[in-house]
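What follows is chain A paired twice: with chain B in the first complex and chain C in the second.
Coming up: the complex of A and B.
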């Protein structure tokens, strides 16, 4: 799939998504409610303390905002369920008959699907990060910006890779939609994007280190808050490369074997 | 009459069970999803209480009592209402609501309780387990009268939830697409997943006066724990009366307006 075709799919997805304007009003409302619900806890936890579990009170609100932004961008529903349905109902044959490489198509669709929610969530962040709501010292330091953007992008790509694994898993499984919901919930509640990972019980932290979950929340958020040392930045990048290689390998295997097995109807 | 409806409800439950057991993997998957969600919520509060012993006047056991009560209400919502809520808009739009009106029983009862979502049983069981754990933990020391108040006001909260939800669903008689309204309802309902005294005053007022999510779980729990008293025993009933009246009007006018397919 060349760059021109990729940008066409991207543009088309954005145009189709813009048809559903009410969805974006709901995404903004949902984001605001999430901020209110999390701030309800954080404001009381930090009421008498300047720092809790490595998170400074001055950064607490920024943590909530960036967490909300990250979750808005990362969580995927539409392209994932569409792809699973295509596999189930035979529509996936167009990727065999036409010169379309499904992983690229999926990426273009996902980017297009997330373009306007990203704008909405960024808009909310900018409003709340304005001097009206936040003190200037809680702004993201400019020199942290490149690494933060990189960590947000890589983290999101890795999670989308996990979604793609489930999509290709549906070549072999009769029912996989619950895995998507479970992945969304786990990535939202256990990745450190709702609460700093350092607040979790030690045993849970140790278990989570063996999973890619910290890469989906803890890493980009700590990067955004300037809480990572150089060693930690390098360690996280290495860890990301390791998980990305595992995911990419599995995706290739499942995609190839799935296509061999695929008989247009019924997978 | 109630016995007949109870028997009918058991028939609906049996039918839903058979239908959902046809897709065993799907059902196990939905159970698994609920378990992950419940564990995530518990982990959230456990992690917060590892950092601070209490906040906003809530101790760890009290919060678990609140979360247990929340699971009870949310589990009941999932078990009894969620499937019916999702289907109601389509029923009206496609004219299948005709079959509800033609049957020799209350169409409202059918609309509310025809389908069951068995995944709600996971939340209900977790709610029962967590509430019993919190109650027997020693710290709360609730009398049997307090427990009776808790159960009574939770039932009122659930009644309120049914009325609010069905009032929103009934808007399907006037507008074509209600899924976004259901989404809006769910987002506002989500505000009730935290004790309302954690929120700033403006939002608390909103949850008391505009969208009464505070009366679903938070107020019943606080009444049982003795954190609220006096007029707070009356407010949930007032809300229930108001929401029943609104629902009656909306339902009557809606069904009178309904003309079969694409009304």
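Coming up: the complex of A and C.
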């Protein structure tokens, strides 16, 4: 798919989002509720201690905000469920009939779908980041910004790759929406984006290292909090490259084999 | 030159069978029973470029399956098909740029945004010049009488208006082959007539090959110069519309087939 078509899909997705203004109120509301709930949990945890599992009390609020921002960017519902439904009901045919590569189309849709919620989440972060709510020195240092942005972007891409794998799973399973829910729960609870992974039992942490889960939360958030050493930064990038290669290979295989099986139901 | 050439073309679907009810669902969960359904069997045909071909048959006869194999949506289970010199299911971009397809039951428009935005997306996908694409959209919209609807969310439009937009979307990149699967389904008399007139004129002017499937014999008799009749997956008639009209016995048989007798 050419760059012009990519940007058109992105623009059209933003236009669709703008048609439904009420959704923004809900996004802002749910983000605020999450922040309040997490703040309540973290206040309880840090009531008697100044540091838990490597996370200082002063950084806790920054962790909550960045975690919210990360989950807002990463979680995908619209394009994922739409694509699954299109495969199940025959609507996927429009992508097959046009000279496009669906994974690129899906990426453009996902970026468009996240453009406006990202603005909302950034706005909330900026409000809470003000000295009124917490001390500015607990937040991201400027020299950490490039690596942090890179880790946020790569981490999000990898998770969207996992979503796409599940979408293409519909070619073989008929129904794969339940896997999306499982992935969202895992990405939220087991990646370190809701609670720091260092708070989990050591055995769990060891098992998680064999999965891409830490790349979806622990990596970008620890980067944002300036908690990564240079070695860790390089290790995470290597790990990301490994999982990204595996995911990309699987996506291409599932997509090609899926199209061969596709029965294009529904008249 | 031929637009379509099929040899021994067939397609079999695998279907899961079970009786109604919870216990049958449980049995099927543990021990699913699969059956094969032959949707299209051993089709041999040649369609010359520039012709308008009608495809008729009862529900489930295999018309849509055949059209889907022609467009590359489905892989054939047996035989081969060449469309505009390409193997459709390989989905070569050069092939996809030369075909357009309208399926009466499924939309290729983005229903939540105005049609104009979808057209501009299609123009980008097919690599059309934006200024020329805008001019073409306006020209087609004028021909179809939907200029006033281009800025309205597609889902808010009537079925007839939507169908006209679907045809416009399929024609935007000026394909050499246009496949229309029941394009007049659900349309009122006036909308049908507008669509037919457009298809007729378009074929005359552009010499585009058009393959039209329909339950409505009026669509066929007004538009097509040759006819394919498909029954239970097999091609039971292929020939000119004149031959078909002369053969009273065949005509009655086709009417019975369409009526599901």
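Just so it is clear, the second predicted complex is superposed on the first by the 265 of 267 C-alpha atoms of A that agree within 3 Å, B and C clash if a C-alpha of one lies under 4 Å from a C-alpha of the other, contacts with A are read in each partner's own complex, and residues count from 1 in each chain.
The definition used in the following text is that a residue touches a chain if its C-beta (ideal position, glycine included) is under 8 Å from a C-beta of that chain, and two chains touch if they have at least 3 such contacts.
The shown structure was predicted, so the numbers you read here are calculated from the model rather than taken from an experiment.
*Asks:* In the superposed model on chain A, is it clash or fit for chain B and chain C?
*Replies:* Fit - chain B and chain C, as placed by superposing on chain A, sit side by side.
*Asks:* Kindly classify A:49 by the partners it touches after superposition: chain B alone (first), chain C alone (second), both, or neither?
*Replies:* Once the two structures are laid over each other on A, A:49 reaches chain B alone.
*Asks:* By the touch definition at the top of the document, which applies to A:99: first (chain B), second (chain C), both, or neither?
*Replies:* second
*Asks:* Mind working out whether A:178 is in touch with chain B, chain C, both or neither, as first, second, both or neither?
*Replies:* After superposition on chain A, A:178 lies in contact with chain B alone.
*Asks:* For A:22, select first, second, both or neither according to whether it touches chain B, chain C, the two together, or no partner.
*Replies:* first
*Asks:* Report for A:186: first if it touches chain B alone, second if chain C alone, otherwise both or neither.
*Replies:* A:186: touches chain B, not chain C.
*Asks:* Roughly what angle, nearest 10 degrees, sits at the C-alpha centre of chain A between those of chain B and chain C?
*Replies:* Between chain B and chain C, as viewed from chain A: 90 degrees.
*Asks:* May I ask you to decide whether A:204 touches chain B, chain C, both, or neither, giving the answer as first, second, both or neither?
*Replies:* Only chain B is touched by A:204; chain C is not.
*Asks:* With both complexes overlaid on chain A, what's the closest CA-to-CA approach of chain B to chain C, in Å?
*Replies:* Here the least C-alpha separation of chain B and chain C stands at 5 Å.
*Asks:* Which residues of chain B touch chain A in their complex?
*Replies:* 23, 25-26, 29-30, 32-33, 36-37, 40-41, 43-44, 46-48, 50-52, 55-56, 180, 183-184, 187-188, 190-191, 193-194, 198-199, 203
*Asks:* Once bound in the complex, which stretches of chain C touch chain A?
*Replies:* These residues of chain C touch chain A: 13, 64, 68, 71-75, 89, 91, 93, 96-97, 99, 101, 103-108, 110, 112-113, 117-118, 120-122, 124-127, 153, 181-182.
*Asks:* In the complex, go through chain A and note every residue touching chain B.
*Replies:* 22-23, 26, 29-30, 33, 36-37, 40-41, 43-45, 47, 49, 52-53, 173-175, 177-179, 181-182, 185-186, 188-190, 194-195, 199-201, 204
*Asks:* Give the list of chain A residues in touch with chain C in this complex.
*Replies:* Going by the criterion above, the answer is residues 1-2, 4-5, 7-9, 11-12, 15-16, 19-20, 90-91, 93-94, 96-100, 259-260, 262-264, 266-267.
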